[in-house]
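Order as written gives the chain letters A, B, C, D and E; numbering starts at 1 within each chain.
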Amino acid sequence: MTSLTLAGIRKRFGKVDVIRGVDLRVADGEFVVFVGPSGCGKSTLLRMIAGLEDISEGELRIGDRIVNEVQPAKRGVAMVFQSYALYPHLTVRDNMGFGLKVRGVPPHERRQRVEAAAATLKLDALLQRFPRELSGGQRQRVAIGRAIVGEPDVFLFDEPLSNLDAELRVHMRSEIASLHKRLGNTMIYVTHDQIEAMTLADKIVVLRDGQVEQVGTPRQLYERPGNLFVAQFIGSPKMNILPIEAVAGKLPGQPKTASLVGVRPEDLELTEPGSGFVDARILISEYTGASSLLHVQLPSGQVFLVAHDGEAPPADTSVGLAVEPGRLHFFADSGRRAD
Amino acid sequence: EELRFTVWTGNEAHLKMLNGFAESFKASHPDVSVKFETIPPADYTQKLTFQLAGGNPPDAGWLMEDAAPTFANAGVLEDVAPTLNQAQGYNFADFSKPALGLWTASDTVYGIPFSTSPFVIFYNKDLFDKAGLEDPLALAAKGEWDMARFQEVAKKLKETTGKWGFEFKDGQGYDSRIMHALMPPIRAYGGDVWANKECGFDKPEAVAAVQQLHDMVFKDQSIVPPGEQGDYFSGNAAMTINQISRASLMEKAGFKWGIAPLPTGPGGESPVIGQAGIVVFTAGKQKQLAADFVAHMTNAENVAIAAQFFPPARTSVLESDAFVTSNKLIPAEQMKIVADAIAKGKVLPSHDKSPQILTAMKPRVDALWRPDANVEASLKAVCEAIQPLL
Amino acid sequence: MGGLTQKQLRIVNQVCWTLALAVAAIPFVFPFLWMISSGFKSASEIFGSPSLVPREWQWRNFVDVFTYQPFARQYFNSLYIALTVTALTLVISSLAGYALARLRFAGAGLISLFLVSALMVPEEVTMIPNFFLIKWAGLIDTHWPLIMLPVFGPQGIMATFLMRQYFLALPRELEEAGKMDGLSRFGVWWRIALPMSRPALAAVAIITFLNSWNLFLEPLIFISSLEKFTLPLALSNFTDPYGTPLWHLQLAATTLAVLPILIVYLIAQRQIIESFALSGVKG
Amino acid sequence: MPAKPTTGIVTQDASTPWLTLKMREAMEAWLFIGPTLAGFLIFFIGPLIAVVWYSMTEWNLLAQQATFVGLDNYDDALFRNPDFWLVVRNSVIFALGLVPFNMALALALAISLSRRFVGVVFFRTVFFAPVVTSAVAWAIVWKFLLQGEAGFVNQMLAHIGINGPNWLREPDWAMAAVIVTRVIKMVGLNMILYIAALQAIPRDYEAAARLEGASNWQIFRLVIWPLLGPTTLVIMVITTIGSFKVFDHIYLMTGGGPENGTLVLAFYIYKQGFEFFDVGYASALAMIMFVIVMVLTLVQLALRRRDT
Amino acid sequence: MTSLTLAGIRKRFGKVDVIRGVDLRVADGEFVVFVGPSGCGKSTLLRMIAGLEDISEGELRIGDRIVNEVQPAKRGVAMVFQSYALYPHLTVRDNMGFGLKVRGVPPHERRQRVEAAAATLKLDALLQRFPRELSGGQRQRVAIGRAIVGEPDVFLFDEPLSNLDAELRVHMRSEIASLHKRLGNTMIYVTHDQIEAMTLADKIVVLRDGQVEQVGTPRQLYERPGNLFVAQFIGSPKMNILPIEAVAGKLPGQPKTASLVGVRPEDLELTEPGSGFVDARILISEYTGASSLLHVQLPSGQVFLVAHDGEAPPADTSVGLAVEPGRLHFFADSGRRAD
């Protein structure tokens, strides 16, 4: 009974519309990720679900209950903040036990539950420390631990990994994934890192300017982005886009309405000049160990990125670019996908 | 050459007169100019001390009675007797003996009294008329103006007009002007605050006097009580006690007024005088010149001129008709009262530890001015506090 | 849910708070209103009527204020002294604060410690020897002590620490960029550190100016000539020739003394409060 | 552009400069700190030493002669002068009344005014305005407002049926009045400091606590208040020192009276030194005051350190 | 004459040794990158070269000159700071011209040189703006422009890209590379991002704890890391390391001294269970679009990462891991490479 339903949700700050009508259903136990560029309203939406911002218009249900006017603490949600928001003056134990304490849970039960959560997150040895004595990853885990202790129905995460370095991010990402597997709760996760979104989500919600651009599984978004925005937002390095006129000859599977064609750097292959769908000249070839990233210039002057496995040709070589027909994405003038 | 002379007044008329003296001094000392420096009255003595201690001494200056003994004892005042004795036609003997008390010690003369101003009653004639009472001047003429009558009149005034019957000097009787508030009645009752190193506050005469004041404040509620602003000069109290120099304030008062002698009491008539003198400072650079100027300022001619603002201590001037008519604001008959008071009056008590004594007294006197205070016990406490200092 | 939504509840709550604040504000505002209104009353009305609206507007009080004593001159004294003190304090304290924050030299810690200890000592303690010092220098009854004592006294040291605190929080890199660009140490301070410390400078300037503007004890002790008075002394000097306060003039003058500061403050209040917040006035 | 620039930064002076970078930096530091240090030695350290010396003399400012009397002045102040202990007591009462009241009010105002709402700027201005007003003006006005009967305060109280005391003429009330008017004058400064501190607290703490079910009071008590600790300490120290230094306010409002009820240390020192001109005694008192303030400050700092 | 020589360079902060004896030669025109984990002393070393920190011990030469006690501005170096350190109160033009102005270059020459640099960096249109009106990438370019106008012999960069978002980083990286190509100056570049190091450097210096671990070209470091630390530091995701006993049977090319074997995630291939050099079970499979990152567990309990192109098997599948023999790295107990 911990599904979530957003119906026509809107949020105005003063005169500014920040969330402009969002409809969404999150099933019980689902891991939903909100992505979108900075300022698109991800945090705001999450905070509305938590009850930290009130809802200007629309209806929010958690389970069957309309919770628009329910106090945050009574919604059965827990939130992990980007800044972790660990109380600096409390030990890890007290940080995790804080919610139980204010709710009047008796000390011995509190102790038990905190320790259980700490065990789950391998925080046992750190219970007496203060947040300032912890590393980034440890803090992150304490923040999650604090959320777990309250046994919420729904977990909300607001960019929980953005303060960590790359290495740790990979690690914590997998920890969150396994946590979800273990607890099975509904989780809503905000990030603007699309790798995080791809790897974690059952379902991704792409937001832009307070509106939902596309909802789908990571694979759907990667393979069939609904529009230009989603196409360029998902995937890294981002999708190369080209006006369809710049290509000599008709492309396979090209729909009538299409005016732009997109192709991902990892889908491009180098061929002999003239044999691909377009020719190019290599500008820079960046060796990164496993593969090289080539910056190539098309005759139209545009620069494409090509992810190339193995030995790369030197700069200034002329090459052709080939691609499997199924890997081309076509878009109409309006930006919508055209098939 | 320039002489620096400190005064407490910033009043233009006063300064004009003083500058007149400086001008006429040029007749005998053509190169000398005198600069009068005003130090505000509130901190006059203190600032003067700073100037002396601070190595910036004026050559001569005005000195209040309460500071005279302190300064004389500290040896910062120059003996001007030799200069005066040599000055032509000065006639030092012309000064009334009682008035010189504070300023001389055997043959030494530390200063010359320049303002010898008796305390008188100022009354608001309009309020008396409204209350249907005879005014103090008339009562005094009939010989009925005594402490008992004073209390009665004040009470009636309060009851009928709703204004206060009496206000202490400048409304400061509970703070900076304790002595001005207490002295006149105590003297009228025949007592004294201290004399010969002995405290007089707890003597029966003083106790009776203060008890009367206390009754007037708290029983009759006819005297402006502590913590209240009554203000005679703006018409909110019918009588006050002050010096005649204050008559200048009455010009703008907007009501009819008069002055009368202090009420008599069991101790008979006992006018009280406030005094200030002019002195030469030992630390000054031009002591002789300064002394000459003091002699010039206090010669008979100039004292007569000064009399319009500052009542003189020279008997010749006091007895002249010129003095009685010198003050435009006060009718001659009332000026007679003033002259009379100067001749008979006693200067306010002084001491070389006045600041300490006043500070020591202050909290005990504060205790006196409570509705439920025991006057006698309070005054005993005052004496205990100040006796060691006397 | 008692009929009211969260939002409505919050609004009701806010209205109640605002009302409570308005009540709390009365003792803060009323003295100003009373002072201004009394400045327009006649002497007798000040005692007579408690009404805030004068029966008769005595505009001439504001003229008399200037004829009674050299009030314009005294006003100017206060102004120029306060400005001088502020300027000097800004320069001297920001130089020292910069050295303490940025430069490495033996003894820095000790000096900081010494300076901090000065913050704990009330001015009264050192006033007497300072009096003799000033006397020795022949500066009694001049404005010098009113300038030097605040600049070098606890106030100046407080300013030094404020500046130090702020400099510490500034990104070093800008200054280092300046150094790489060829600025001397002084150049770095003047052309980079100072322009970036505007909020702290503003906070220091405001505190210093107010302190000097309101200085009472020092002028009381050092100044005796009327035309050298500063405002606080001048205000308590509106007495008749015999020392009795002339309340109507005193209050009119007080109004004149306070209003410009208040107006400047009102105009600049956002910046003022922000500069305090930014500079983290924390000592 | 040529691959190898020819002009620009000097590279030619091959010799090593005579000043090492370290020495140069130290020299610059002393130059920068020089004026402050000189002023500090002249106007603070020197005088402080002088005070110690003066305090062991009997010295009247007018008479200009000092005689060495050893610790006599201290002996007199501490053991023979009944006024001294009264004055210390008054100072302590003043501080004990003023500091908590000031801080509590400052904090309450800061909390109310740290959020944005219509009128917040107005209120901040109002509560800060007395800070920028001169103490003289403030004292003059309040003296009027606090008159026994005609005073505005008591007239207002009379309206609601309360017979107000004669504020400035009864020792206990006078102390209360002096404290309250001082608090009203100065609370704005602490309020601003608290507002700055509150705004520096990340909003997430409050949100997190709210999500976990904490009431407003719990949020304040368990989260905000501990986070304000360092600010509270600074404010406490500053305000305490300030309260011991108060001079003009009392000088103008009560002159130390009634019945010496508001005679505080700073004022007493002033009286001894600049009214009685008793430099030696005043210096001894000043030293005692120095020690008291120093001890209080250190105690506050130590208490705080133990806390964290 | 703009080579750089560091000989026995040490730095102490108080009692702490931060740089513990660094010897290094940077040739004229070389692009050298310092990498290393946070706190290893990269910035400190760079700042010593710039003259912003003094040198506790050792000798620093720029060209032939010993510059230990020469003021920063007189060393002929220019630095680009991580935070850009643009003067906020000056326009772009004045920011770039500041150093010239301080050095007394006459206005018209200043103008010329600023405009030349601006043209090189395509900043012409922005000269009148203030830094706050610029985007991150533009600020970055201004910072570089400021360094260029001084015509320094040596450029120093301290993590110049770390404040940019991933997309922009890729772009600016290539701009810096082409700048180096164009100017040909000696450049020293600090980063902790090893992709940046790999793509930009002629020579990488790996630092750890104030000491040099290895110096070499990107390819040398990637293909023949000198020790365990470098092996794990270079390459992302990082190299999997396994005690040699955990592998059933002898590995091809295994030296006698070797006790650990390392293999990069991108060199691993999935095979049938039993057919690789070790078996594993898939724990998590993270779909990232182009490829999947598999977390697999070895029988010894250790977790390996595997970069897998194309469709990944689901979690819990058992697989074998295969690798080309040349792609194995062997290390001795001491951590040094063992061949």
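Note that in this section a residue touches a chain if its C-beta (ideal position, glycine included) is under 8 Å from a C-beta of that chain, and two chains touch if they have at least 3 such contacts.
Just so we're on the same page, UniProt names per chain: A, E = Multiple sugar transport system ATP-binding protein; C, D = Multiple sugar transport system permease protein.
Bear in mind the structure is a predicted one, so any value in this text is a computation, not a measurement.
Note on connectivity: the fewest chain-to-chain touch steps from chain C to chain E number 1. The chains that touch chain A as well as chain E are C, D.
When the C-beta contacts at A-D and at B-C are tallied, the pair with the greater total is B-C.
Across the assembly, the mean Cα position most removed from that of chain A is the one of B. Greatest Cα centroid separation from chain E: this falls to B. Distance between chain centres (mean CA atoms), chain C to chain D: 14 Å. Averaged C-alpha coordinates give centres for chain B and chain E that are 92 Å from one another.
Look at where the CA atoms of chain B average out and do the same for chain D: the two points lie 41 Å apart.
For the pair chain D and chain E, the distance between mean C-alpha positions equals 53 Å. The set of chain C residues that touch two or more partner chains comprises 46-47, 220-221, 236.
The set of chain D residues that touch two or more partner chains comprises 22, 144, 150, 274. For chain A, residues touching at least two other chains: there are none.
The list of touching chain pairs reads A-C, A-D, A-E, B-C, B-D, C-D, C-E, D-E. By the touch criterion stated above, chain E contacts chain D in their complex at residues 51, 54, 62-66, 68-71, 73-76, 116, 120, 150-153, 182-184. Those residues of chain B that touch chain C in the complex are listed here as 8-11, 14, 37-43, 47-48, 50-51, 53-56, 170-172, 176, 229-231, 233-236, 243, 245-246, 248-249, 254. Across the interface of their complex, chain B is touched by residues 42-48, 68-69, 131, 134-136, 138, 140-141, 220-222, 224-226, 236-237, 239-244 of chain C.
Listed in rising order, the residues of chain C touching chain D in the complex are 14, 17-18, 20-21, 24-25, 27-32, 34-35, 38, 46-47, 50, 92-93, 95-96, 98-100, 103-106, 108, 111, 114-115, 117-130, 132-133, 148-149, 151-153, 156-157, 160, 185-186, 189, 210, 213-214, 216-217, 220-221, 231-232, 235-236, 247, 250-251, 254, 257-258, 261-262, 265-266, 269-270, 272-273, 276-278, 280-283. For chain A in complex with chain E, the residues that touch the partner chain are 165-167, 170, 173-174, 177-178, 195, 198-199, 218-219, 222, 234-238, 264, 266, 283-284, 286-291, 293, 295, 305, 307.
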